[in-house]
Amino acid sequence: QALTPIKISYQPSLYWALPFHIATEKGWWKDVGLAPEFSTFPAGVPQIAASAAGSWDVGGTGSVPAVLGHVRFGIKTIGVTNDESAANGLVGSSKAAADFAKDPAGALRGKTITLTQNSTADFAVQACLKKYGLKKSDVVMKNMGQAEIISALSSNNSDLAGMWAPNTYTVEEKAGAKMLCSGKDSGAIVPGALIARGDYAKQNPQNVAKFLAVYLRAWSWMSVNRPEAIRMMKDFYAKGGVSISDAAMNKEFDTRPTFTLAQQLKNMERTGGAANSKMDGWFTELSGFMRETGAVQQVPAVADFVTDEYLKLVQADAKLRDMANSTK
Amino acid sequence: MVGLTQRKNHRRSVVGIATIVLLLIIWYLATTVTGWINPSRFPRPDEVLSAFTFIQTEGYGNGKLHQHVLHSLKLVAMGFAVAVGVGVPLGLLMGYSRRAEALINPAFLLLRPIPPLAWIPLAIVWLGLEDGSKILVIFVAAFVPSVINSYTGVRNIETPVMEAASMLGIKGWRMVTEVLLPGAMPMIFTGLRLSLQASWTTLVAAELIGALYGLGSILNQAAQDIFPAMILVAMAFVGICGASTTWLLGVLENHAMPWRKGRVAT
Amino acid sequence: MKKALSRQHFWSLTVTGTVAFFAFWYLARALHFSPPQFLPMPHEVLFKLIELMDKPFAGATLPEHMAASLKRFGMGFGLAALVGIPLGLSMGWFRMLDDVITPIFDGVRFIAPVAWVPFAALWFGTGIGGPTLIIFAGAFPPCLINAYRGARNVEVRFLEAASMLGAGSFKTITEVLFPAAVPSIIAGLRIGAGLGWLSLVGAELIVASSGMGNLIVRAQSALATDTVMVGMIAIGAIGVVIDILIRRLEKLLLKHRNA
Amino acid sequence: MATIQFTDVSRVFERDGKDFLILDKINLTVQDEEFVAIVGPSGCGKTTCMRMAAGLEFPSTGSVKVNDVQVAGPGPDRAVVFQQFALFPWKTVHDNIDFGLRSKGLAKEERESLITHYIALMNLKGYESAYPHQLSGGMQQRVAIARAYALNPQVLLMDEPFGALDAQTRVVMQEELVKLARKNPRTVLFITHAVEEAVYLADRVVVMTSRPGKIKEILDVKSVREAEQWDRNSKIEDVMDLESFVHLRTRIWKSLREEHAGTDH
Amino acid sequence: MATIQFTDVSRVFERDGKDFLILDKINLTVQDEEFVAIVGPSGCGKTTCMRMAAGLEFPSTGSVKVNDVQVAGPGPDRAVVFQQFALFPWKTVHDNIDFGLRSKGLAKEERESLITHYIALMNLKGYESAYPHQLSGGMQQRVAIARAYALNPQVLLMDEPFGALDAQTRVVMQEELVKLARKNPRTVLFITHAVEEAVYLADRVVVMTSRPGKIKEILDVKSVREAEQWDRNSKIEDVMDLESFVHLRTRIWKSLREEHAGTDH
């Protein structure tokens, strides 16, 4: 039987993208009759913009671009890649870290923070500021790409930065920087999003379900095969030019919760027809943040784009469900 | 025969304005009534207008439009000035002295083809996140045309003119100020125009380096927000600034070379 | 005019200049002008370059990255030349076309090729289309302007001779304007190739999986300054090679004309 | 049959917003197969006259007719030999001559035989595939003349065709033009600054006044030549010392010097 | 006192890796205040000779001396008038003349009086602040000559100074040069293609052979002029019909034609 092509997009060297690599290495796509064509993007924004040109059908991205993608191009969020709350946050140079240990609010007030605006790291940084009783206007924020931020931080041209993993590990290991306050520390839940182009999902629900099943299978497998997974992770990160220590890789596994099919469905369970699931809460928070930054003009209704429809298709199909839960 | 006829300027501007108006109408029709173009892929005129009003009144990307424009003008002016200040004398020197050329050329050849964008990492590391690093990136882009054109300008001074100068016993500083500089002036100005254009086209890259204000930072921010209408507003103002600074340069050029008055401009 | 240097003298100065350049580089490090991890030494860069010839970084070896970039460049630059030269020549001949296109063109030429990145993503996405558009945006203006200027600057006597000999528009454009404008067109191709090649780094922001631009951004993120420099030098070297090739083409086309 | 007829031709040029009268009521008819030379001070409008006959320029008032038809534009019936040759530098000798023939839509064979003929006539054999820059000035000029002649035009218009040549080469070219004109007579309008050249070549010499250009006088060289029995085949240095030649030459000289004193050279 | 002395001067040029002998054993002495004209076929090496006297070019063998001193480089003692005028386009008439004077370190007043003098002499009054492109060709040439004369050089070197002018303007310039030479005699080396010009202006005319350039013959015009009592102040058209003039002219003509036949024009 001929394989159905499907265009999958992700960002290289990110923890949540590892399942794509593993599924490919293991040859799991053809088990569900899919032939993936991958495209990768350095950040979420160009990734979702490319959906307008039909460059991809499904994929994973940060939750901030997921919301923006819905508002601009009708992209659906169909699941969660991982909880990366601990992996996004405010990073400081060793000097800034010392000041921060003594007086967090004082160490931040009036300082310049370099960060990538409209990113999950931005979201986490805002939550951290709130936690220490600071307003946005109490600091100066400079918008830069992650690569520029790394250069600036490591050459002492910036002391405070909003970053995400594995860039955080890079600066921790190579420039002596420290994570000062993550999303997790500040109570900001930062989910990663599994996404699908709206019209593609509508026309090919089964393909989307198959995609989800393979993705979930990879997490299931990794949960019991960490040493091999770490080996593959090393390859995968290297492809994106990232080289971090084994310890940092293990830390990725330890600090970034992932969700099984059952957990995903539970996170998304709504009662009484209201958008009141756990995930609805996360994404409402995020949307509020984006309204504040001006990235979107109105807070979008979560029910319009966060949907468990496709996970339910996986659940409903015995073969796919088994696959999603398979540790082999 | 069309190609042989003299072009009249007023006719040109009438056609030019008509063309632009026509384009605006086509744009309007294509994005609204007819629906040929999906507005999510290219914004409607009214969206652009409201983006313009928005940045004018409420501000966008840390500031109002005029703050952005002024900051970009400042960056371009500095980068351009440094590039010209270093590039023109260097080009004159390399043009005049074969020794200097042989000596300097290797470094120039090695550094010249490296894209300004590729300098960003080093610019940040060396000069930090303030204006210095942005000016360096603009400088890198604007430097090359200034050098090359000044060099070519000197080399293209007609041999009889150079021989006349040596026949008259001209040497040293007088040679530079009274022969090389005026002789190479037309080419130098061509170089300055190219340098200016390079400065503007590099602005966006330069402002990737943590800019608070600037048209480039607006472009970057609007790209991140996927706000095509705002992108167009920023593009339009980059175009307007580029065209007006070039016009200013043209005015300067006319005054700088009184001996060319009444000749056909290139 | 100054006399040409003897070959020996020229090379001794050139070598001196080259040595001085590298000496300055080492000196900058010795004087702690910049922290070591941000200013690798020439030999370190060289070793890195040799290493990257067959060891992949960011998913591909250096030659593979180069090949990916060159392919995109070829498309964008080829298109720019293919559209820009005939259009520029036609604008030089048909006044109406000139009047219509020039004002549009004057407005857009100050806009950085990288500024088109968002639209390139919106219109063409990841395929070859997006990068092609951006490289095109860099290379097109000089191709067009120089073909146009070349055509406008054709000596009137040639045009008069052509019309006296009964040539029509097509024949005039192909057999008079084009050959007469060749030097100017070549200069435009050289500048255009340079700018197109520079825009590549921007273009590769939207396609992250390969290419020289990607290599540099990835290396920057990994704090691998030596790899960044290898990328810069490789980009520079290819730029020089492209320029040399175009000059060869010029020699070929102008073989029969005097200097 | 081909004639060129200027009737009350005036030409005004605008410069810096002001109108300048350049040519003032020119009346001149060049007869079929007649060779007319125009001399006159620099800037008097000679080139402008010729360009009007070529259709590259138009009168402000009056009319220019070739064969009783108003001139509307350039065409291969009126071949022009420009002062700077205007050969296409990117075409070989062969292709330069061929360019106009192809425009006329002649068959390949016919074109080749014409090209061979004129290359031989102009003594250019062996140089078919040379490019203009590989030729000396005199040879380039012969190519330009061959290119014009090959079109088999009714009218030949030549604007200081030998002006850029050194004096020695110039003489050789004059002699060749005389030979050619004998073998292939044409209606010719010939502009020159060199009075000897005009007297040696022309049937009639038109002397113009300085700006605004008017016709000052017309000298009938042909009747003198026939009366004095100059040998039409002789070299210029054989005739230029003849008293009748010297007399005509000096007469034109002086007429021109009067004009020259009036202009701001 | 100023003389120019070429002794066994040969010059070889390399082109495409091959050596070409351009000048072959030139021996010539130009006496103090003598006016020597050189004529010869195109490419025979006339300009090369002149450039060697100017110090812009050097002999391969032999020596070029000015005032018995070997020429080592250009200098304001030997003023050059180039064929293409070589005025500085970015300087006014006044400043072009002044440019060389400033190099000589003269005081401002003295310079101004010299400039005024030569501007008047060259009939350029009123054009002091004009730029070269605002002048006609003849006027530009007069500025170039004024610039050269103002330096008060011992030697004047002129390379086809009137080659680019039309025939009428040329005559006016020739007459002005004769007038000037009478008021301010100098040692002059003058290159031309026009034989009449050489005969009209020079004391001696040197005829050169075609490549490699050798001196073919030297004609003593001065003795003829003095013997036949040509009026040195007369206009060219007054002398050019004199039998002695025509005879000399035709003699040189024929000598050149022989050379010309030998070159591939």
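Read from first to last, the chains carry the letters A, B, C, D and E; within each, the first residue is number 1.
What we mean here is this: contacts are C-beta pairs under 8 Å (C-beta built on N, C-alpha and C of every residue); 3 or more make two chains touch, one makes a residue touch a chain.
Worth saying up front: this structure is predicted, and the values here are computed from it rather than measured.
Under the contact definition stated at the top, the chains bordering both chain B and chain D are C, E.
Shared contact partners of chain A and chain C, listed by label: B. Steps from chain A to chain E, minimised over paths through touching chains, total 2. Its C-alpha atoms superposed on chain E, chain D is turned by 180 degrees; the angle is given in steps of 5. Centre to centre, using the average C-alpha position, chain A and chain B are separated by 40 Å.
Each chain gets one centre point, the mean of its Cα atoms, and the points for chain B and chain C are 17 Å apart.
Centre-to-centre, using mean CA coordinates, chain C is 50 Å away from chain E. If each chain is reduced to the centroid of its CA atoms, chain D and chain E end up 32 Å from each other.
Residue positions 1, 4, 40-41, 120-121, 125-126, 163, 223, 226 of chain B are each in touch with at least two other chains.
Residue numbers of chain A whose C-beta contacts span two or more other chains: 49, 52-53, 145, 147-148, 151, 155. Within chain D, residues 56, 73 each touch two or more of the remaining chains. Put simply, chain D touches chain E in their complex at residues 41-42, 136-139, 166-169, 171-172, 193-195, 237, 241, 246, 250, 253-254, 256-257, 260, 264-265.
Residue ranges on chain C touching chain A, taken from their complex, read 35, 37-38, 56-59, 117-118, 121-127, 129-130, 205-209, 214-215, 217-224, 227.
Residues 1-5, 9-10, 13-14, 16-18, 20-21, 34-35, 38, 92-96, 98-104, 106-115, 117-119, 122-123, 149, 151, 156, 159-160, 163, 172, 177, 194, 197-198, 200-202, 213, 216, 220, 225, 228, 231-233, 235-237, 239-240, 243 of chain C touch chain B in their complex.
For chain B in complex with chain A, the touching residues are 38, 40-41, 60-61, 120-121, 124-126, 128-129, 208-212, 217, 220-221, 223-226.
Remark: chain D residues 54, 56, 73-76, 78-80, 82, 84, 86-92, 99-100, 103-104, 131, 133, 147, 151 touch chain C in the complex.
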